Every structure is written in structure tokens, then in C-alpha cells.
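Given below, in the form of C-alpha cells, are the structures.
There are two complexes below, and they share subunit A, which is joined by subunit B in the first and by subunit C in the second.
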Partner chain A sequence: MKNQEATTATSLDLDTGNKFIDWFSQKQNRHAATIMGLVAICSAWALSNDMRWLYLLVYVWFGLIYGMFLQYGRFCMASAVRDLFAVGVSRMAVGVMIALCLYSMVAAVVNISGFGTFHPHPLGWHIIIGGLIFGFGIIFTGGCASGSLYKTGEGNMASALVLLSISFSQAFFVNLGDWSDKLAPASWTASALDKGMPEELSVEHGWFDQFTAGYIWDLEAATLADMMNVTQPIAKYFLTDSLLVTILPASIILVVLYKAYYCKGYLRRQKIEKQGMTCHLGGVWSMITSSKNTAIAGIGLGIFSGLHVWATGALRESYGIFNFGELLEDMGHTAGLSIQGTVFDPGYWYITTQEAQWGAWVMENVGMDMRSNIFFGMDNGIPNPLINAPGFMSIGIILGAATLALLRREFKWKIPNMETAFFALAGGLLMGIGARIAMGCNIGAFFATVANGDISGWMFLLGMVAGGYLGVQAFNFWMNWRTSQIDDCPL
Partner chain B sequence: MAIKFEETGDGQYILDVCGYSCPHPQMYTKKALQKMCDGDELTLIFDNPSSGESIQAMLDNEGNELLDKVQGDGSFTWKIRKGA
Partner chain C sequence: MKQQFTTWWAWLLRKEVISISRELHSVELPDGEVVRVTHTVDCMDTSCPRPQMAAMNMLETMKKGNVLELITDNPTAIETVPALVMTLYCQHLATIHTDDGWCIYIRKDD
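Our next item is the complex of A and B:
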């Protein structure tokens, strides 16, 4: 009997071994395993040098998770807006609303436990204007800020061009020269000078500095709960930040999406003639679950976005710091710090600012002065990309998406044609400018913002939707002209 | 690498949007289906994975039928029948 059991165990082991060899002999699986193996080795190497690199690695690991969920659900906020107007599809808009609701619930738990890292955004017209420019740009790039990262991971080099364009356009825009001074109202210049900023920042020079110190800093920034003076923790974080600011508006948007884009097709497919509340509730549920991948990605992204805040908050408490710059200084890496000793370190899912730092780092290394401005000089610093923690989150997203795309046989190197490359660069330029005016992209200025009870995120969405609508009209115009130029294409 | 759309037989069309990413594949598919008659069949070839999700939802919404899906190495060939 024992011999028989031993034989069965051996044959199972052999079977498992053969399956593994089969799996590993496939090129895509081997590449995916190599990516994960390299991340594990690099993580172990960093920790063996100094355990405090854990702070940076948390960004990397959450980036990997985001990348996998984004690829799995083809989760892209550009598509949420664009597909509504372009092809009447609400799939992605629904996924974003699911993710938003879950993120807000986890964020409420994190904030109530005192590990929150979120700071509300100043409320003003700049958010709608920035959102509009950003929304127009995303129609042409084929992806939002995070969508471009995961698509780069799928081998799409047009998306890599978008990242390049976002990085340099932001770095250039926040460092505009004296020629841009005349575009700033005198009141901004006066207000900026009143702030008594360090001389090396020369805040009276450059449009973006005057916009920041003379306009943004004079605006109120508060969550709705703070505006309403709600202080009781449950009422503040759950009832106001999560329920009132996020879940209620998101539910209304879901109902509107159902009525406008899904209801007609659902009733036809189900052959329903007599409509009632039960039928429509079934329809809303069908809409939410119609794309399983999108719904699962929405759930995963919502939960992990919240956990990310908790993990970074807990590490900050454990190290007794407010910003990663303090750790970098302790470890002797001071070259990239701002004059306050800080670096960009949001503590949650964010995309654009770290890309601006990449661009600025390159520009600085070719001899340009990139620090006589508030954005880099005083707030975010320009760390070497090898020690840029949020930058590694973006790289993590690319690697996570590449791993899953390889495993799903969806990875393909795609070299853009001239048309796609031009759109990627031009759209990326607009996305970069829009993101800086609005102080964030679809993640930093909308997703993370709304989920933490800041209504400025809804203003960004409003601008992004308006920009997206205009972008679709412009794209349609281009498409019609383009097809009319192709011989033998009766489109 | 231009868009290719042509009638290959009676009521049979082919649309090849390989090399293009969002929003080209879904918008060209919508445009192609608008040019076709009810019951016509379209062979759609694309290599942008995220467009597939949007095209699938668009077909469901508009009552078109997805007859077949074949996935190659990073590219997709779908057979679609335009619904009434």
C-alpha cells in the first residue's frame, strides 16, 4: 500500500514537473517569469543595501498590481469618456465608477485609522480648464495617463511616445521662461511676490510660478466634510467623503449611463416588453457585469488603491517622516531634493508628476536650469530616476502589464505609423499641459481626489468629459477626411 | 499601414486596422458596419487588445452578432454579422 502511495506521489511530481517544463518552454511565459524574477532580485538587492528602500519598493509593487489589473480589464479612463461619445459604449465608464466607489470605501477605512496621505486640491476654474485640455488630448493619444503606461507594457510604442511627450511637455510648461510673464495677470504677479518666496525661485518670472503662487495658493482647498465642519470620524469619512461625495454621485452617473447607453439594447436582447423597476434593476446589474474583466479590474484597482495609501501611511509613521525626501537625505541622496528637502511623494496612485520629473532630470542633465521654479525647485525636486519612488510605480505599471500581456499572449511590439506617432506626441503635449493646469491627471486630479472626499475631482471630470466630447468631434472630422484620401476604401 | 476596407464577395467585407490603437479600431468598425446591409458579414482584423472590449460591447448594444473569434500572437480576427 505504501509503495503504491509512493508511486502515485512520484508520478504526480513528475506530472507537475513536466507541466512546468512545458509552461516554461513557451517564450512568452519565460519572458513573463523573467520580468517577475528580475523585480524580485532587484527588490532583494535594494533591501540588502538598506531596508529603508522598502518605502520605494512599496510603490514598485503596487505599480505591478495596478499594471496587471489595468491590462486585465483594459482599464483606461480615456476610453471611459471617448467610447461613450464615439461608439456609444459605457463599459469603461461603468468600470471607473465601480473602482471609484470601492476606492472611496477603503480610503474611508484608511483615513479613519489615521494613515491617510491625501491632501485636498485648491478649488477653482483652472481644474475645469485643465481637465478640458487633458480630455481633448486623450482622444488622440488612445489612452489616458495610466492607460498609456499599461499599453506601453503591451508593447505599444505609440503609448511610449505619449509618455515621452507628457514627461517633457510638463517639465517645459512648469519652467516657462520670461517670455510667458505677459500672459500672467498683474494681480497674480503681485500676489506671488507678496508670498516672500526664496529669491532663487524667482517667482515673478515664468507663467507657471505666478499661476501657482499668485492664483492657486490663494484658493481654498478642503474636502467637503471639512467645508461642512463635519468632525465626527464616521460621519466625516464614511457618510460625507465616501457616501455623499463619491458613492451617491457615482450611482447617479451609473443610472444615467444605463438610461442613455445600455437600456435600449438590454431590453431588446432580453425581449422585455413590460418594463418595471425590477426589470431596470436587472438591467443596471447586467450593465455592471457585462464586462467581467472590467468589473474585476474595477474592484481590484479600487481595493488596492486604498491599501496603497494605508501601506505608505503606515511606513511614514514607522519611519517618523512626512515625505520620502527625509529618508533620501538620511541615506545620503540629497542631489535631487527640493529646497525644502522634499521630493514628489503622494503616497497614493498618481501618474503625471513623476513623469514630469523624468523629463526635468533629462533636461537638467543636458545643462538646462530646471530648479528656479516652484514646481521642481520648492515642491517636487528632481531626483535621479533610479531613486524616484513614484517613478518606479509608473515603471511597475509597465512591467505588471507586460507580464500579464505576455501570459495572455497579447504582447506585441507595435511601431507607430506617422499618423499615430503625431497624434501620440501632440495629444501627449496637451495631456501634459492640461495635467499641470489642473494639478493632476485622471488619476491624481479625479480618481484619488473624489475617492478622498474632494469635490474638485468631479470638476476635473466635467472638464475632461467636455474636452473628450470636443476631441471626438475633431477626431471624427479627421477620420472622415483621412478615409476620403485612401484609394479603394469605401468608408 | 493604411486602413483597409473592401468587399470581398457578395455581402462579405474585410476591415483590417492592424497597427492602429484606440480609438481607430472601434470607430472604423462602427463606420464599416454603417456602410453594410443587414445580414452582411465583416471580417475584422485588429491588434489593439483594448479595442476588442469596446467593439464587443458595441456589437451587443447595436444587435450585431459576433460569429467567431480567433486570437493569433497579439492580433485578433473576428467574424461579425450585421444585425437587423
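Our next item is the complex of A and C:
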């Protein structure tokens, strides 16, 4: 009897072993395992050097998680806008709203516990204008800032070109030369000079410096709860920031999407003659659950975005710091810090600024002066990409998406043709400029902003949707023109 | 794909071509059902939003009972195209993962 049991156990072991060998013998699985293995080894190596790299590794691993969810749900925020106008599909817009509601609820808990890292954005027209330029750009690149990261992970080299373009266009834009001074109103220049900034920043030179110091800094920045002077924590974070600023508008958007894009088809399909509240509620639920992968990704991204804020907040508290720059200084890495001793360290999901830092780092290393501006010189610094914590979040997204794409057999190297490459570079340029004017992309200026109770995020969305609409019109015009040139294309 | 072009320069200058065929053929779906495909749209190697728009434009011209086969390697389209069925009165039959992409089958209902 005992022998028999032993035999069964061994054959089971053998079976698992065979399955493992079988799994490992497939090339894509091996590559996925290699990526994760290398990330794990590098993480362990960094920690063995100095435990304080944990702060940077939080960004890396949350980046991996974001990348996996983005890939799993094909969570492309560009298509949230584009598909509505181009083909009348609301799947991705619905997914974004789900993620937004969950993020806001987790963020409320995190903010109540005192670990919040969010700073509200100044409210002004620049957000709508920046959103418009950004929204126009994403239609041509075929992906937003984080969408381009996960698509790069799927092997799409057009998206890699978008990243390249966003990085350099931002770095170039915030460091515009003296010729751009004429574009800034005299009131901005005067107001910027009034701020008494250090001379090496030369705030009176360069359009972006005057825009930042002479315009943005004069604007109010507050969450809705702060504007309404709500101080009781539950009322502040749950009722105002989460319910009033995020969940209520998101629910209204869901109802509008249902009415505009889903209701007619749903009623006809279900053969519903008599319309009542219950049938419409069923319809909204069917719309939310119709694309399961997108909904699951939305839930995952929402929850983990909130947890990310908590993890960074808790680490800051335990190290007694406000910014990663302080840790870097302690560890002896002072080269990339700004004059305030800070680096870019949002503490939540953010995409564009770290890419601007990559671009600036390259430009600085070929001999350009990149620090005589507020953006890099005073706020964000230009750290070496090897110690750029949020930069590693972006790399984490690429690697996470690549791992999951390999496991799902969806990884494929794609080399763009000239037309797509041109659109990627031109669209990326617009995205970079738009993101800097609006102070973030659809993640930093919309997703994270709204979820933390800052209404400026909705203004960004408004601009982005308008830009997206114009972009779709321009893209259709281009496609029609192209079709008239070739015969075998049905579009 | 690359082999069709004689020089790498010609390959980079290639156009994103969507080809249509109305050749009837039968396909067995994963659930065992055999369907007769009436329209095939091949969007291999095309980027967003071309596959989605090609599918939409094709479905709008099709008649009741016709079956569309959409061949693509664009992962975003795999999620979006089945979601089209709600507005265009069609039925998503299956999405089959092949070695270098996917085939999506959609039947026009009305």
C-alpha cells in the first residue's frame, strides 16, 4: 500500500516536471521567464548594494504590474477617444471610467491614512489647450503615452518611435531658446521676474520658463474639497474628492455613453419593446461587462494605482523624506539633482516627465545646456536614467507588457513603414508639447488628477476629447485622400 | 512579408494595404460549428485604426447572414472589433489566435 502511494507521488512529481520542461521548451515562455528573472536578479543586486534602492524598486514593480494589466486589457486610452468618433465603440471609454472610480476609492483610503502623495494642478485655460494638442497627437500615433509604452513591449517599433519623439520634444520644448521670448506676453515676463528666482535659471529667457513662473504659478491649485473648505476627513476624501469629483461625473459619462453608443443596439438585440429603468440598468451593466478583459484591466489598474500611492507614501514616511532627491543625496548621487536637491518623484502613476528627463539627459551629454530652465533646473533635475525612479516605472511597463505578451503569444516585432513612422514622430511631437502645456498626459493630468479630487483633470479630458475629435476628422481626410490614390483599399 | 520586397528601402516605403476577397470558403469554429465565410478582409501589418475601420465599413455593406473573416495582427483591434457588433447588428462568432495574428468571425444579423 505504502509502495503504491510512493509510486503515485513519484509519477505526479514526474508529471509536473514534464509539464515544466514542456512549458520551458517553448521559446516565448523562456523569453518571458528570462525577463522576469533578470528584473528579479537586478532588484536583488540593487538591494544588496543599498536597501534604500527599495524606493526605486517600488516604481519598477508597480510599472511591471501596470504593463501587464495594460497589455491584458489592451488598455489603450487613445482608442477610448478615437473609437468613439471613428467607429462608435465605447469599450475603452467604459474601461477608463471603471479604473477611475476604483482608483479614486483606493486613493481616498490612502489619503485618509495620511500617505497621499498627490499635489493638485493649477487650474487654467492651459490645461484645455494642452489637452487639445495632446488629443490631436494621439490619434496619429495610435496610442497615448502609456499605450505607447505597452505597445513597445508588444514589439511595436512605431510605438518606440513615439516614445523617442515624446522624450525629445518635451526636453526641447521646456528649454526653448531666446527666440521664443517674443511669444510670451510682457505680463508673464514681469510676473516671472517678480518671483525672485535664482539667476542661473534665467527665467526671463525661454517661453516655457515665463509660462511656468509668470502664468502657472499665479493660478490657484486645489482639490475641490479644499476649495469648498471641507476638512472632516471622511467628507473630504470620500464624499467630495471621490464621490463628487470622480464617481458622480464618471457615472454620468457612463450613462451618456450608454445612451449614445450602446442603448439602441442593446434594446434591439434583447428584443425589448417596453423600456423601463430595470432594462436600462441591465443595459449599462451589459455595456460594462461586454469587454471582460478591458473591465478586469480597469479594476486592476484602479486598485494598483491607489496601492502605489500608499507604498511610496509609506516609504517616504519611514525614510523621513519628501522627495527621492534626498535619498539620492544621502547615497552620494548628486549629479542629476535640481538646485533644490530634488528629482522628479510623483509617487504615483505618471508617464511623461520622466521621458522628458531621458531626452534631456541625452541632450545634456552631447553638450547642450539643459538646466537654465525651471522645469529641469529647479523642479525635476536630470538624473542619470540608471537612477531615475519614475523612469524605471516606464521601463517596467514595457517589460511587464512584453512578459505577458510573450506568454499570451501576442508578441510580434513590427517595423513601421515610412507613413506610420512619420505619424509616430509627428504625433509624438504634438503629444510632448501638449503634455508640457497641460502639465501631464492622460495619466498624470487626467487619470491620477481626477481620482485624487482635482477637477482640472476633467478639463484635460475635455480638451483631449475635442483634440481627438479633430484628429479623427483630419485622419479620415488623410485616409480618403490616400484611398483616392490607390485602388485596392476599401477605406 | 519582408520577402516580397527586393530592397529594404522598398520595404520601408511599403503601403499599408488592406485586401478584400469575396471567395467563399468554410471554416470550422472552436465550438464545432462550420460557417461559410462570404467576405474576407486581410488587414495584416496595418496599424490602428485601419483594421477597425475596415471591419466597420465592410460590415455596413454586407447582407443578412453573410459572414466576415477579419485577418489582423493588431491586438487592440481584437478587443474593439467584437465590440462593434452591438452598433452594427451582428453576431461575434469567434476569434481564433493563429501563429502570426488572429482571425475574427462575425455574422451579419440584420
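Keep this in mind: the second predicted complex is superposed on the first by the 486 of 491 C-alpha atoms of A that agree within 3 Å, B and C clash if a C-alpha of one lies under 4 Å from a C-alpha of the other, contacts with A are read in each partner's own complex, and residues count from 1 in each chain.
To be clear about the criterion, contacts are C-beta pairs under 8 Å (C-beta built on N, C-alpha and C of every residue); 3 or more make two chains touch, one makes a residue touch a chain.
Just so you know, these numbers come straight off a predicted model, no measurement behind them.
Superposition of the two structures on subunit A leads subunit B and subunit C into a clash.
Contacts of A:Thr483 after superposition on the shared chain: subunit B is touched, whereas subunit C is not. By the touch criterion stated above, A:Arg74 is placed in contact with subunit B and with subunit C alike. By the touch criterion stated above, A:Gly155 is placed in contact with subunit B alone, subunit C being left untouched.
Once the two complexes are overlaid on the shared chain, A:Arg91 sits against subunit B and subunit C alike. In the superposed model, A:Met51 makes contact with neither subunit B nor subunit C. When the two complexes are overlaid on their common chain A, residue A:Gly143 makes contact with subunit B and with subunit C alike. Contacts of A:Gly265 after superposition on the shared chain: both subunit B and subunit C are touched. Note: residues 74, 76, 78-79, 82-83, 86-92, 142-143, 154, 158, 261-262, 264-265, 268-269, 290-291, 293-294, 405, 409-410, 412, 414, 416-417, 420, 475, 479, 486, 488-491 of subunit A belong to the subunit B contact set and to the subunit C contact set alike, using the contact criterion stated above. Within the complex, the subunit A residues that touch subunit C are 73-74, 76, 78-79, 82-83, 86-92, 142-143, 154, 158, 261-262, 264-266, 268-269, 290-291, 293-294, 405, 409-410, 412, 414-421, 475, 479, 486, 488-491. By the touch rule above, subunit C contacts subunit A in their complex via residues 11-20, 41, 45, 47-50, 52-54, 56-58, 73, 75-76, 78-80, 82-89, 97, 100-101. Residue ranges of subunit A in contact with subunit B, taken from their complex: 74, 76, 78-79, 82-83, 86-92, 139, 142-143, 147, 151, 154-156, 158-159, 261-262, 264-265, 268-269, 290-291, 293-294, 405, 409-412, 414, 416-417, 420, 472, 475-476, 479, 482-483, 486, 488-491. Listing the residues of subunit B that touch subunit A in their complex gives 1-7, 19-24, 26-28, 30-32, 35, 47-50, 52-54, 56-58, 60-63, 71, 73-75.
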